[in-house]
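One chain, subunit A, appears in both complexes that follow, with subunit B as partner in the first and subunit C in the second.
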Partner chain A sequence: MPTRKNEEWRFANINSFTLDGYDFVLPEKAIGSQELAEKSDVISNPSGQIIFADNKPILQDVDNDLKTKGVIWEPLSEALKHHSDILKDYFMAQNLHLGSEKFAALHSAFISDGYLLYVPKGLVIDRPFIANHWAVSDKAAIFPHTLVIAEESSTVTLIDTFNAKLPTQENFICAFSHFLAGANATINHRAFQNWGTKTLGIHINAATTGKDATVNSLGVNLGCQHLRSEHQSLLQGDGSHIEMLSLCVANNDQELDQRTLQSHRAAHTTSNLLYKNALMDKSKTIFSGLIKVAEEAQQTDAYQTNRNLLLSTTAEANALPGLEIKADDVKCSHGATTGQIDEDQLFYMLARGIDPHKARELLVFGFFEEIISKIGDNELADYIRELIQTKFQHM
Partner chain B sequence: MSQLEIKNLNVSIGEKPILNDFSLTVPKGEVHAIMGPNGTGKSTLGKALAGHPDYTVSSGEALLDGLSLLDLEPDEISRAGLFMAFQYPNEIPGVSIANFIRAAVQARLDEGENLVATEYYKDLYHQMDLLKIDRKFTSRSVNEGFSGGEKKRCEILQMAMLKPSYAILDETDSGLDIDALKIVSDGVNKLRGENLGILLITHYQRLLEYIVPDKVHVMWDGRIVKSGDKDLALELESNGYDWIKELAPANA
Partner chain C sequence: MSTAPQAIDIDQEKGNFQMPEEHTFDAGVGLSEGVIDYISDVKNEDQWIRDFRKKALKTFNAKALPTHWASKDLEAIDFDKIRYYLASGQKPKRSWDDVPDDIKETFDRLGIPENERKFLAGVEAQFDSEAAYSNIKEAVGKQGVIFMGSTEGLKKHPEIFRKWFGKVIPTGDNKFSALNSATFSGGSFIYIPPGVKVSHPLQAYFRINAENFGQFERTLIIADEGSEVTYMEGCTAPKFDTATLHSAVVELVALKGAKIEYITVQNWSANVFNLVTKRAIAEEEATVKWIDCNIGSRLTMKYPGVILKGRKARGEVLSIALANDGQHQDTGAKMIHAADETTSNIIAKSISVGEGRSTYRGMVHMPKHLKGCKNNTECDALLINKNSRTDTYPAITVRGNKNSVQHEASVSKVSAEQIFYMQQRGLTEGEAMSLSVNGFVNDLTRQFPMEYSVELKRLIDMEMEGSVG
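== the complex of A and B ==
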């Protein structure tokens, strides 16, 4: 287990990191459920969908036309049979830099399934793929795995949803997502994390870009008792771009520990990070972000912003922004702000008859709109608003 | 009983008294104007009645159709039927006009009752057209980047949508050019009627040429010192505010 003396785990409440009491070996039988399938209906006409229940695929579907064109959209258990050559090269192949190396080893040891999305050269896919990860059994340890490879000049959008069958469920989650964007390729990733409220979650994301490639990611974090979220972006190819967006609503005594890395390793690379957290009750967030610019990464353009909105006097937001720059011709900026609800704005809403709870909810939506409006997909934007609204309704 | 009745209201900000035994009655269906120089407590009156937490009411009464407003929270006061058009409406980034007004309209429905979106938008667009507000404004953030005139029109739009029984319009004419003033005044005049009592707070007589009041009150040092019909505004305009200082009883 990590300790707080380690810089990468500073401020984190490590005491809750015990793995005792979780079931690491789950029954062989997959839990098929019509109910889960219905609840997984997030977007219309996906290019492909896989639903996992306790890590086992219970439904999979892919657009046949895309399949003929060489798209691979399969659970890892199948991909291992048909595409072991790809997995051999890419499975857990990215070095991790944010502190979760041990959890990577744990993940590799216990992973039972996951999926591979492979998009061949030049293929531009409009409709998103979606994977719905369900935690069904209480106390189950679950190891979701996402591997996305977008070949040269391809474009793909992928949605991961992470949900518990029961809202108060207790699970141990150790999820890894790897994104490899080839030259001039674009990967858009949207992750909606809504695990049970007693869950300990580790979510590790790693993205690598080729020349002129783009990886846009959005994370929405609502669930878990304690979430460790790591997000590393390695800009390997000249002219590549990474966008990292995240929004979180934390309440009760939730703790959300966010660590990010924007590592610029090539010239003319750009990255833009915006993490917004709204905190209620006694919740706590940690944002620790590093922009790292290598000597050869001249004319890097990197931004990092963390904004925290405190909706209670007992909530705690920690921000540790950082820069490490070895090139001399770069534009970098980072900033973190933590503030409370604007009392004048609140009064203005009350003066229109909106009750205080609803007014705060609207102000939180307003706070997040900057991120939600960037998605450019109304259906998904509405889905995100609905997720947040549901969380508010249960407060 | 159908009146907004303020009796001997004493209001302070911190230690500083602003309203001194202020009394005024606005019957439903009438338009009253309060005029007075800066710093005499006109805006305090509006904010105190709206329940702003910075204003302390030490004594007195404020009754809306007999209901005591002083016991209510700001959102309850609004839902009880008092609308406040602010002199400086706040900007709320990220919250669209449509969602903001919708939440306010929804707040007036009974629990379990849901707003019908199509009817809501029909009403909203209708009122926007009357106030010559571009329909694109529905998706813009509340007051963010609005000109002075746009903000004031948006206040009147909210008033039109929320259908209050009494409205206080605080310096609704300030910052408006003549065209905007006409549009805003037209909007207010359309809402005028037997089911609405209006209190206009204004610095200048100009507004009262467009919204002709039933009564005019002159305020000085936290209370009404003279009341009359609409001609009082003209008298005030020609004599200036120094004139009313002489009307005010000496405050020992």
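== the complex of A and C ==
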């Protein structure tokens, strides 16, 4: 287990990390798929959908036209039979740099299923794919796996939702997602994490870009008792671009611990990160971000911003925004701010007769809107607003 | 690309000379209880100090080097090859005429007596382990101001010294504060009585003359209620082939309404490991301002801090670091907010030239139940050459009510357009570069005392000469 002395785990409350009491071997049993399928209806007309219950696929669907064009969208258990050549090269083939190497090894050891999305050269897909991951059994240890490969000049959007059947469920989650964007390809990834409130969650994300490729990611984190989320972006190809957006709402005694890496390894690469956290009650957030610019990565533009909004006097926001720059012709900046709701703005709203609770909520939504408006998909934007709204109703 | 301009070598030459070693007291090579006993015996110290040192030695031995976050270069220090105490005598002289000729010549060449006459209220000059000279102007002394070496301070004013000694920086704070606590010698002891405002700065000058030597000065400054003081320190050493260690502990106490300004211009030669712990306590409405310029040394690790203990206390760190070939300036600031309405400000600017590396590390801590605290942090880095490196590692924790923190950092290079524009107007490339870099630090140097901002501008001019590539 990591210790707090390890810089990568600084500020984290690791004492609560224990894997005792979780079921690593889950019984084969039928799970009410109809109910979960109804609850998994996030967007209309997806290009493909897979629903997992305790990591077992219970429903899968794909647009036949895309299938004939060479798109692979299947659970790993099936992909292993048909496409082991692809998996052999890419499955868990990424070195990790953010501290959860041990958990990645655990993931490799216990993984039971996941999925592969492969988009062939030149194919531009409009409608998103969606994978719904459900934790059904209390105490279950679950290892979701995502592998996305976008070949040259292809474009694809993918949504992952992570939910618990019961809101107060206790699980151990160790998820791994890997995105590979080939030359000039674009991957858009949206992840909505809302595991049970007693869950220990570890989410490891890794993205790699080819020449002129783009990977846009957005994470919304609401669930877990203790979440450790790692997001490493390796800009390998000249002219590639990465965008990393995140939005967290923490309440009660939740700990949301996010670590990021923007590693510029090629020239003319750009990256932009914006992580926003709203904190209530006794919750705690950690944002630790690092921009690394290698000597050969000249003409890099890299930005990193973390904004924390404290909505209670007992919440704690930690920010570790870091830079390591070895090239000289770069533009890099980072900023971190932590503060409260602006009293003047609140006063203005109260003066117009808006109830204080509602006014605060509106201001928090205003705080998040900067990110939500960047999604460019109204259906999804509404879904996010609704998710956040639900969390605030328990305020 | 020429990254080692001649001009800078000329300037470092100013401190690059060595007088023959004639030490009456020498604790030998390596660190042991025997060395501690030797130092305590020579200084004729009270038993509690001897015990304090021995306990600190145990702490030092028990602590590992902090290489899990700090530079691996620390491993190059061989603690068994260092000499921990070298001195010619125990009593500093009150007049330059009484100072031994070779030591006097050292400080003459560094311009210390001349500056003293011109604009200083008091001077202390330390040569290896002990102060060779210490004096304050009569008028300042009459106001009750105490300014002497810490060896002397411990003997003459134990009642003030012991009350605060090790209270701001405990022995076990880090491996190097423990080392200092075991082997400390020299440094300044300053006490400013209530309401006394010392109009001219007090200055200390630290000189390392001996090879394979470790200097462990211990400075304690207490500004009593409503008093004000400015303290300046400078330091140089000759260039040796072997590594030299400088590991100071500096504790400042600003009581209610007091103001302390502490200015450092660090220009050690490029073989010195400069591993210093500096921290202040600021009581109610007190202000502590650290002005920290790091130009010399091989590796500097220094993060001046302020514990804002009383309501409305204010802490400030203004830091400039210049890292050239073979240098790593690992500097920063710590602001620990521990009372309501406390404010802190950190402005750090670094310039990396050639293969130099500059690092900013910062800590801002606002615990719960505090109200109305504010911090502002800005760190800007300028990279001059292709192989220059810069890092920024801040750590910010905020809880409580109506507290706000903002941190901003940027990294950039001097724009080609700027240089081109100035060259169009007849400036050489070097002059243009130097003008740009001075512009980069200008808003900071303006806040420095005149003598220092002029000196700094001159140093930057020289470092920039021929650095364009």
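Here is the rule we go by: the second predicted complex is superposed on the first by the 393 of 395 C-alpha atoms of A that agree within 3 Å, B and C clash if a C-alpha of one lies under 4 Å from a C-alpha of the other, contacts with A are read in each partner's own complex, and residues count from 1 in each chain.
The working rule: a residue touches a chain if its C-beta (ideal position, glycine included) is under 8 Å from a C-beta of that chain, and two chains touch if they have at least 3 such contacts.
What you see is a predicted model; the values in this text were computed from it and never measured.
Superposition note: with subunit A as the common reference, subunit B and subunit C can be accommodated side by side.
Shared-chain residue A:Gln340: touches subunit C; no touch with subunit B. Taking subunit A as the reference, the larger set of touched residues comes from C, when subunit B and subunit C are compared. Contacts of A:Leu362 after superposition: subunit B is touched, whereas subunit C is not reached.
Once chain A of one complex is fitted onto chain A of the other, the partner contacts of A:Glu296 are absent, as it touches neither subunit B nor subunit C.
In the superposition on chain A, A:Ala317 makes contact with subunit C only, while subunit B stays out of contact range.
Once chain A of one complex is fitted onto chain A of the other, the partner contacts of A:Asn308 are limited to subunit C, with no touch recorded for subunit B.
Put simply, the three-chain overlay gives an angle of 80° at subunit A, taking C-alpha centres for subunit B and subunit C and rounding to the nearest 10.
By the document's definition of touching, of the two partners only subunit C reaches A:Phe11; subunit B does not. Between subunit B and subunit C the least C-alpha distance in the superposed model amounts to 15 Å.
Touched by subunit B in one complex and by subunit C in the other is not one residue of subunit A. Within the complex, the subunit B residues that touch subunit A are 50-53, 73-75, 77-79, 84, 86, 89-95, 99-101, 103-104, 107-108, 141, 158, 162. Those residues of subunit A that touch subunit B in the shared complex are 342-345, 347-356, 358-359, 362-363, 365-370. The part of subunit C that touches subunit A in the complex is made up of residues 68-69, 368-369, 381, 383-413. Of all residues in subunit A, those touching subunit C in their complex are 5-7, 10-11, 295, 308, 310, 313-340.
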